[in-house]
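Note that the chains are named A, B, C and D in the order they appear, and that numbering of residues resets to 1 at the start of each chain.
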Amino acid sequence: MGVAMRFSSDNAAAPHPAVLEAMANAARRDTAYDGDALSRSLDAIMSNLFERDVAALWVATGTAANALALAVLCPPYRGIVCHRDAHVQNDEAGAPEFYTHGAKLMLADGNAAKLTAADIAERLDEIADDVHRVQPAAISITNATEYGASYTAAEVAAIGDLARERRLRFHMDGARFANAVAHTGASVADLTWRAGVDVLSFGFVKNGGLGAEALVFFDTSLAAEARIRLKRAGHLLSKGRFLAAQIIALLGEDRWLDNARAANAGATLLGLAAGTRLIHAVEANEVFVRVTASEAASLRAQGFEFYDWGAGEARFVVSWDQPEDEIASLAAALGHV
Amino acid sequence: MGVAMRFSSDNAAAPHPAVLEAMANAARRDTAYDGDALSRSLDAIMSNLFERDVAALWVATGTAANALALAVLCPPYRGIVCHRDAHVQNDEAGAPEFYTHGAKLMLADGNAAKLTAADIAERLDEIADDVHRVQPAAISITNATEYGASYTAAEVAAIGDLARERRLRFHMDGARFANAVAHTGASVADLTWRAGVDVLSFGFVKNGGLGAEALVFFDTSLAAEARIRLKRAGHLLSKGRFLAAQIIALLGEDRWLDNARAANAGATLLGLAAGTRLIHAVEANEVFVRVTASEAASLRAQGFEFYDWGAGEARFVVSWDQPEDEIASLAAALGHV
Amino acid sequence: MGVAMRFSSDNAAAPHPAVLEAMANAARRDTAYDGDALSRSLDAIMSNLFERDVAALWVATGTAANALALAVLCPPYRGIVCHRDAHVQNDEAGAPEFYTHGAKLMLADGNAAKLTAADIAERLDEIADDVHRVQPAAISITNATEYGASYTAAEVAAIGDLARERRLRFHMDGARFANAVAHTGASVADLTWRAGVDVLSFGFVKNGGLGAEALVFFDTSLAAEARIRLKRAGHLLSKGRFLAAQIIALLGEDRWLDNARAANAGATLLGLAAGTRLIHAVEANEVFVRVTASEAASLRAQGFEFYDWGAGEARFVVSWDQPEDEIASLAAALGHV
Amino acid sequence: MGVAMRFSSDNAAAPHPAVLEAMANAARRDTAYDGDALSRSLDAIMSNLFERDVAALWVATGTAANALALAVLCPPYRGIVCHRDAHVQNDEAGAPEFYTHGAKLMLADGNAAKLTAADIAERLDEIADDVHRVQPAAISITNATEYGASYTAAEVAAIGDLARERRLRFHMDGARFANAVAHTGASVADLTWRAGVDVLSFGFVKNGGLGAEALVFFDTSLAAEARIRLKRAGHLLSKGRFLAAQIIALLGEDRWLDNARAANAGATLLGLAAGTRLIHAVEANEVFVRVTASEAASLRAQGFEFYDWGAGEARFVVSWDQPEDEIASLAAALGHV
């Protein structure tokens, strides 16, 4: 057997060469923390991209980005509605509870880890307005979702309307935001603030970054508190220019979109190969396939790495830098299992 | 006026070329989080350096390293004795309180931000053993201290003895541990676990790193909990190999010691130049000098960047990569103010 | 319409005369906090009742008792398996999250708010053993449950066995423990520590108390930490003798059992009257009945106070001091709706 | 030796007969939590007393009252300036840190545990306005102080002015507010909201109560959040009418003032007897006296209970119900030591 072909996670990808080059270029003596020119340029760069004034912070991980966002949106004694399968609920080791000081995640159901405004309204309506019950303060959705579904701008806006009606804040976990943008072709403004989103965790790590995400505040009044919480959480790196450099490199020349398109295209190929075994429509870079235990074993024997996702299901994730021959091999293999 | 000569912080330094090279070498597709070969080698490398079995974790910042260490050593309802001028008290935006869930920092006094066992015992003796009073659980010292003083192995061991007697855990903030080792010439084992230290925050960021510190557990039973807390704090970077690579690069060929020696030597020169204006003995890479406001203004007009440190005092920090001509210029300037 | 007939909650009851008398007897100058003779006698009294050495603390409310118990059983970064309809999840405003500093409640399903060992095992098996997932540390059950079901000693013991196997701690919320004891006739030892329970919230407020519950530690090593957390939560009343007095008065002459029997008997009558409308078997002092909206309105028009419990369901709770004529009237009314 | 004469704490007092009578009168079936008529009347009664609209909550302990007040005034990432000897810092087992989720107490110095506006300003000026430093959000003073000093209305107002200037919230720990009012003769309005106080912990436990304090919000917008936090902390007693009854009984017929005057008068007598041994002026019901170890032993041998307060100092507290002969005996004894 040759080298492993990793479809386990887009976290297994390499950083994009432009990211490494930008970091090398930042490798001089400079101002510490976020006082350098690169860090200070993030607001303007993101404002330009989002077509309005925004405030942006760099953060080393998506978990920290999400947890910081939720901490500024929800006090300790209230709750956040999210999908039962959301990353914030299942894959962050309780970071939202840690950063919010114990806010409660209020789990809702929906297809492919996606929530409709109606799903959320139903969950909200269950919560009696009573001092004995934790009351909701925010909604968090993931776009693209944990099952590779993307929201349209209209779907986000329907949730944004609900949030406004119920006086809730609205967070989007965009660890794979680039993939959602690439899939829908929507403008980043339409997918976020025009649809009522208050804060976006804008992911770059799965998109060619080395270790940098952006927190984008459409309600810019929230950014100062977030920066204090970021420092308090030990996330204000003293050489922040190396994080800013990554984000800027990926936004440059639309590399973030090219990377997302490449990953999405690979996933689409795999989805087609999976045929009727496909569990969720492929709207980003993740592919969920029904496989038996022996089929899974056979795939692994051929060198493919991937996660089992419940009984009889497998998850394959395509990275921005996934070798074409690995994708072709897996597509062929999926066609024959 | 030419380019700024930064003596404000060793955080302003560049990463060491070997660090950048090691990161570039890690820039391939690999296992995520801390499952890669570099991350998995840290325990063995640190065990070899410390002459005993230790467990080591990478962490992106010194603030996170300290706060994580304190969180595993002290429950929410107890306290940590540290110096009034300690970094954990003054410069971490309350990270220790955040990570420990509200443990109390119990401030003690001592010369040059250094605590003797007697200083600590005096502080401990003030705390009535009563359910109304927060009881201490741990001691934290900084080596080298915030005023550039280094502990001898014997001084640390005296505190370690006290900790054992009083059943307290013992943490060392070693953001400038390399400088202390270089200054004292003591072995790293003698300065830490042989002297009773339970956990060391072993700093690399101020020593040529880009964004990586090590948490070294001499009580290895603490490491598993620390790793959970690390993830929960959003500090488990998905591409952790890039942090491990930095630490390994700096430990290789004793670069960490060479870097510390270079910085210490520069500081010693400045200390000599400062003469009777010198406030604290120079035992690491920080120099505290009495200057009037007009002298400070004159130094700044000459291009030197530094922090005022209370009224009539200035702090100059020498980095591992501080240009020799900058040091010479500042020495000359200090000799003439 | 006459005076309200309150079946809304056993919290609406009056304190038992013996409770008031015991408090009046304690109304002299005495030692503060828990240093008085009454408070100091609790350990012995409870040890006698439970047929082994236990440690007991008074607490003013059931919410505080539960949250304190969970905080000593579960660290901030782990979780507690409980029923989806448990009081700790739904009716304590997030107190468990507050006291545990953000531990996650892991919701399981079971009939009548009761969990079997199998229900719990199924929930535990869903949790991948991974640093990204919050891991469980404890199980909490309510006895009698929120739907008036009581556990047999054997049912509790099956859960205790599971807890031991999975190395989890075991808490019982006994806000209506007296009702469960009265219903099952089991010994308090068999229902708790002999079945593997580590801590019991032993309720007295719904049982004739004014404002006092007991926290009973079968693992007596936990009590010291609980007492510190109790003080830290502002629950160490300076005149604690008035809480101890209540508990002692209710335990005296088996008043707690008599009160529970009276309440259970009333509930049984109502359950019989409800006939096929009854939703859950009556095994304590709560009765859940299917009623239409117009039937509910009619009952209210007759002076009965009760809670709607989801669509088409009503909850009636019988207190220890519920007037017999009120019970008879409600039974008659339920027979006719 | 006869019975102990307790001067250790006003917590050792008995409840006032009117308090017990009011509680007995409340001992009927009633609405749970704070929905009863007594609880609902607190706002109006306190508004009348304070000559403006206020919102008031009952709380079982002074520690909980203080910690709740601070939690609504200060976010987790900021700090509270208080005296180094304040009850919130020394005698509440870290309750402020628990309730605020880790806010930092920022200790200032001042005579007799009293802070002047200048003392506070000096402390505030030490805090660099920097993301690395915890920034202040609130000021907390104790009136009467832990050393029995009372603030005049003008002294409070000077601090209130400072708070407004620096945009800080202002809390008064009034565990012995009655004693301060009795001593100064000032109106309660002048001592609180007219002087800029946002929240008052209004103590009744040391004043003849059994277990009830009031939280009085002059910024009434804070009360709703405080009530949620109160429930979340397990402090929403289900039979809250028994707490409301106590407060109302003590406010009736100026009993709270009569009780405070009695206690203050006893303390004044003791202060006179202590003569030049007196350490702090007696402005409430506490008396601090210089005594040698052998003198302290001699006093204890005569049956007097009191606390040592540092080396060579003793604290005597006079309760509202302190027997006159005990006061006379202690005065005589102090005159002869």
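As a convention for this text, a residue touches a chain if its C-beta (ideal position, glycine included) is under 8 Å from a C-beta of that chain, and two chains touch if they have at least 3 such contacts.
These numbers come from a predicted model, not from an experiment.
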{"item": "Joint neighbours of chain D and chain C, given as chain labels", "value": "A, B"}
{"item": "Of B-C and A-C, whichever chain pair has more C-beta contact pairs", "value": "A-C"}
{"item": "C-alpha-based rotation, chain B on chain D, 0 to 180 degrees, nearest 5", "value": "180"}
{"item": "Per Cα centroids, the chain farthest from chain D", "value": "A"}
{"item": "Interchain centroid distance [CA atoms averaged], chain A/chain C, Å", "value": "42"}
{"item": "Centroid distance [mean C-alpha coordinates] between chain B and chain A, Å", "value": "34"}
{"item": "Chain centre separation in whole Å, for chain C relative to chain B (CA means)", "value": "50"}
{"item": "Multi-partner residues of chain A (at least 2 other chains)", "value": "33, 76-77, 92-94, 98, 101, 131-132, 228, 231-232, 236"}
{"item": "In the complex, chain B residues that touch chain C", "value": "33, 75-77, 101, 131-132, 135, 225, 227-229, 231-232, 236"}
{"item": "Footprint of chain A on chain C - complex, ascending", "value": "76-77, 79, 90-94, 97-98, 100-105, 131-134"}
{"item": "Complex interface listing, chain C residues touching chain D", "value": "6, 8-9, 11-15, 20, 23-24, 27-33, 59-68, 92-95, 98-99, 205-206, 210-211, 228, 231-239, 242, 319, 321"}
